Amino acid sequence: MIIQLKSDANSQQIEAINQALADRSYKANPVSTQHRNYLVAIGKSEIDIRSIGVLEGIADIHRVSDQYKLVSKKWKLKDTVIDLGDGVNIGSGDFAVMAGPCSIEGEEQVESTVEHLASNGVRIMRGGVYKPRSSPYSFRGLGQEGLKMFHRLCSAKSIKIITEVMQVSQIKEMFDFVDIFQVGARNSQNFNLLDALGEVDKPVLLKRGISGTVDELLFAAEYIFSNGNEKIMLCERGIRSYEKAYRNTLDLNAIPILKERTHLPVIVDPSHGIGLRKYVEPMALAGIMAGADGIIVEVHEQPEKAFSDGQQTLNYKEAEILYRKMKDCFRLRESW
Amino acid sequence: MIIQLKSDANSQQIEAINQALADRSYKANPVSTQHRNYLVAIGKSEIDIRSIGVLEGIADIHRVSDQYKLVSKKWKLKDTVIDLGDGVNIGSGDFAVMAGPCSIEGEEQVESTVEHLASNGVRIMRGGVYKPRSSPYSFRGLGQEGLKMFHRLCSAKSIKIITEVMQVSQIKEMFDFVDIFQVGARNSQNFNLLDALGEVDKPVLLKRGISGTVDELLFAAEYIFSNGNEKIMLCERGIRSYEKAYRNTLDLNAIPILKERTHLPVIVDPSHGIGLRKYVEPMALAGIMAGADGIIVEVHEQPEKAFSDGQQTLNYKEAEILYRKMKDCFRLRESW
Amino acid sequence: MIIQLKSDANSQQIEAINQALADRSYKANPVSTQHRNYLVAIGKSEIDIRSIGVLEGIADIHRVSDQYKLVSKKWKLKDTVIDLGDGVNIGSGDFAVMAGPCSIEGEEQVESTVEHLASNGVRIMRGGVYKPRSSPYSFRGLGQEGLKMFHRLCSAKSIKIITEVMQVSQIKEMFDFVDIFQVGARNSQNFNLLDALGEVDKPVLLKRGISGTVDELLFAAEYIFSNGNEKIMLCERGIRSYEKAYRNTLDLNAIPILKERTHLPVIVDPSHGIGLRKYVEPMALAGIMAGADGIIVEVHEQPEKAFSDGQQTLNYKEAEILYRKMKDCFRLRESW
Amino acid sequence: MIIQLKSDANSQQIEAINQALADRSYKANPVSTQHRNYLVAIGKSEIDIRSIGVLEGIADIHRVSDQYKLVSKKWKLKDTVIDLGDGVNIGSGDFAVMAGPCSIEGEEQVESTVEHLASNGVRIMRGGVYKPRSSPYSFRGLGQEGLKMFHRLCSAKSIKIITEVMQVSQIKEMFDFVDIFQVGARNSQNFNLLDALGEVDKPVLLKRGISGTVDELLFAAEYIFSNGNEKIMLCERGIRSYEKAYRNTLDLNAIPILKERTHLPVIVDPSHGIGLRKYVEPMALAGIMAGADGIIVEVHEQPEKAFSDGQQTLNYKEAEILYRKMKDCFRLRESW
């Protein structure tokens, strides 16, 4: 059960609600986000929510039969829109495009990418400065200094930044230099990191685990939301299957199912999703028709020379064709 | 290596080619299809194919590095078009739609479906008369009599028929009443059935195994082709994964990969693919953007009352919306 | 519900039982096996089975809540023992060992294997004469002639034969020369083949599908049993997973679960199961501790020179060590 | 390439080695563990390691073709033994048993378990105080206070403690109260946590990811080792597959493969592995025959009343039977 409190609910009223819940063996979890104050009440017995709803201080009350609560569409029918400022929105009528290299490599590379993006109307740049790597001996990214440079060059052109955060201690030092924190597939159930990201006021893009279920992804989002941050988007990035013809199995089935279950925006990552450059375009377009609100795609001036994995990265020319076709697809979808 | 023989190649010439191959430790598999005569030569050593190509009786010769040969795009760049007669083609510039119920249930049902299809310009009707069922106690279809009725009602309206064949002995009795033989996922490596379907002149739609690989699907097609039947289409119908949020995992990654590897048409089955009615539409549309040449979709006047599984079946109204959107998607794709 | 009929039940009595079932909206499937006559009654409503049980002609009656019936342990608590003659039993207190090459290659090979088996007390030889192969251009086995030779050499030493049957038409021609029909993983849901094997009086070893579920395996066995053949054993042979460190994922979890659910003997195939020779021994021993009733293992005098896949095949010396350790394991298990 | 430095190697000698490596385009990663100092040299070209080996200050030098280095058996043939003190060793000739509840619930529960363990000769107790939970609203464990109580009661009886660490900041506060840090499946690629655990002198048990590969598990161990901690054991705990008959798919194939590839001890977790209480025993015994060095198993006085998941937990009586049978299995294995 989700209880939205009135903005002027006083402590006496809240106390009375808590007492009424306790009387019915429900545990109330108070949640304060950027937008509102809630009580998420968890209990086992069936109760008539009207007996709670009549209490003072309550703006709205909903039964939510899903195990996840605040991220469920059963409670909040209206799709969440994430406003990044400067007219950049995710989840609204616009289709969000986030493009850029796997890793931030240096000033020249960022400048070139920013120019490519700006001239194609792309408003969000992706690029890793902390890189999770299977082997401890691999390049792990330019770190904080790289991020500052990345931010300086992007903000000069009003390009927003999405980059991966790998641990709690990085959140504070990254905060001023990112527009979206990305949680990678390997950290999709790093609950301490999710808790901590719930405590900041900055959008989070949450990737599905390498073999994460749709429910686990929603629960991960619930961790963030229930700690106070409503600005979450979900990302399908390919799962593990037995098939070896491609590197990951982009699971587009997850898109319409997530759109049905949650009010959060859903992004598709065709680059990691299929992992092979020449199939990125059709999978991106398929993702739009499946219902995605946006795309995150790897683009590099010279994919062959990229620091990290260039096998799945488009060059500028390929990316431009993709941007154009995505616009066509999105326009067609909106026309129905 | 694939050697296309001239149509007037004589036995002496063929003998000489075989001898030349044997001298190089290559084994020649003679293949005669509806369209041509071939020798598929398999060997381990590297040879200069020009030394064979100069022999008389040869129209064309190709090295094919894939393990499958006749179905490979490395040999035949031009996409295969399957002509069903009456202007119905699969794999040409048209998008093929095959729609209908899971099982043929009776005359009334077929008539209603035929009318629905005809009034929406759909030219191919699907419907099972031999049904593979997990339990031996389940309904196994109306059989031969049902097929005859199905054929009578469809041919009256120039609607083509696709239906599943489950064993070699059925081929002959079904032959006059079907336009496309469907091989189900459970028989995707029933090699004797594939051999036998290679010996008839009738198109075959081959479904990917329940956890079949892309390569296994191509090899299955090679069985049919190498026995003499070039009229093959491939169908992605969902694979098995760990995810339980949907019934199967429609693997759209397979679409662009198959289109890259083979000249055969590629069909997508979103009904079995995701297995849940309300997600069939987005997955079908996504399939088109991924590059499919056609769709096979379950439609029933009253899905709730269908004999077999109605959980993944659209009603007529839902189907009509889908037909229209698919047309839009296909037109957009063709416009690029 | 399973109704075991008395051996002297007359048609009038059976008619009355059928009528009583029909009155309760139950469909009776008559089953006559080597051992007994049954009615398998399928219906949706809850009924008091005692109201049926009081009728004449009934030896025993059981409610079976599983969807599979005749193979369920809920009905038949006592484990099935398969008697191959000459004192060779499967599923009794003895541990069954079936060993031999992947493919029958020739007289010399069979003689050598027979000698190896006889001198180690192994009573059942495996070896394929009809080989399912991914590629149509691969060696498909010595066929009927090979089988006759195989049978002649084995029966001279009282060695029993297990070999794969791939299609209905082979059953009759193989019947006199085999002791156990093997159904391969690719045919695990070839329902026509299962039906036909239900009509013969010869044991069948049924392999789990390449990504078959435990339930599908039990349903496949139900096909055979419900057509009249009780002599069935089940075989775990490795499933498909995402892991590439071995060729298949031997799923030993299936062993105790099958032993709990069915009265049929359960065999483990560590050779295909893990697919890598040096790990066959530990997986075989693990299989015994998991509860298997027997093993089927690939052995060849010179695995490197085997016609088909030698990567997973033990040589004689390795096999002898395995036989000895398996005996120790089985003895320990029986001692508890 | 792994270079073991002499314990008295001086900085000048090390400098010379680094220079020689740099000359050959090799990057040297210095590693100092509890036992030794190493240089792990990574490069692309083939070099004659003897040209390095002749330099002063080097105790030993090995080429390691695996991508993981320090954990590879190609370098260190002798199995690692982890000494927990008080005569408790893991990876030696003894079979290690770690048993206890999923979650630490209170003093009474710990006392009861300690008594059960002590009277059965079990020297290591498992029990979670920080619990990773899918839902943010679930019980997350007793935390630091629970750990102190757990440690007090165990150390009174010389019982060692293994418990899960979830984030870097917990390491320091847990350090004095644990004998083995456990890294859970969800954190198997939490590289920052692995780095930090490499910097402490305390054994670590590393669980395979929920769909982690064998290679990823070895790489995760390499993270810890290369940061300075050699005391690592690996744990197979079930992977995700399509099968729904059990909760996880215990992958015993991983046991012999890990034993072949690494010198680290390998532990099997049959409780999470199959996830169903009545199958824990056969899977545990199978794990021993597959080659495991130890077991970690869930035991609770009253599994039905356990705070967290009791579905996979043995009661004391079941556990006692298992301990005895495991002893028999291990003794048999050692006798060969």
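As written, the chain order gives the labels A, B, C and D, with residue 1 at the start of each chain.
The rule is simple: contacts are C-beta pairs under 8 Å (C-beta built on N, C-alpha and C of every residue); 3 or more make two chains touch, one makes a residue touch a chain.
What you are looking at is a predicted structure, and each value in this text was computed from that prediction instead of being measured.
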Ordered by label, the neighbours common to subunit A and subunit B are C, D
Farthest CA centroid from subunit D: chain B
As a quick test, compute the distance in whole Å between the mean CA positions of subunit B and subunit C.
33
In whole angstrom, what separates the CA-based centres of subunit B and subunit D?
50
Which integer distance in Å separates the CA centroid of subunit C from that of subunit D?
39
Give me the residues of subunit C that touch two or more other chains.
211, 215, 240-242, 244
In the complex formed with subunit C, which residues of subunit A make contact?
211, 240-242, 244
What residues of subunit D sit close enough to touch subunit A in their complex?
27, 29, 40, 42, 67-69, 132-137, 166-169, 186-187, 189-193, 195, 209-211, 215-216, 219, 222-223, 226-227, 240
Going by the contact rule set out above, which residues of subunit C touch subunit D in the complex?
211, 213-215, 239, 241-246, 249-257, 260, 273-274, 278-279, 282-283, 285-291, 325, 328-329, 332, 336
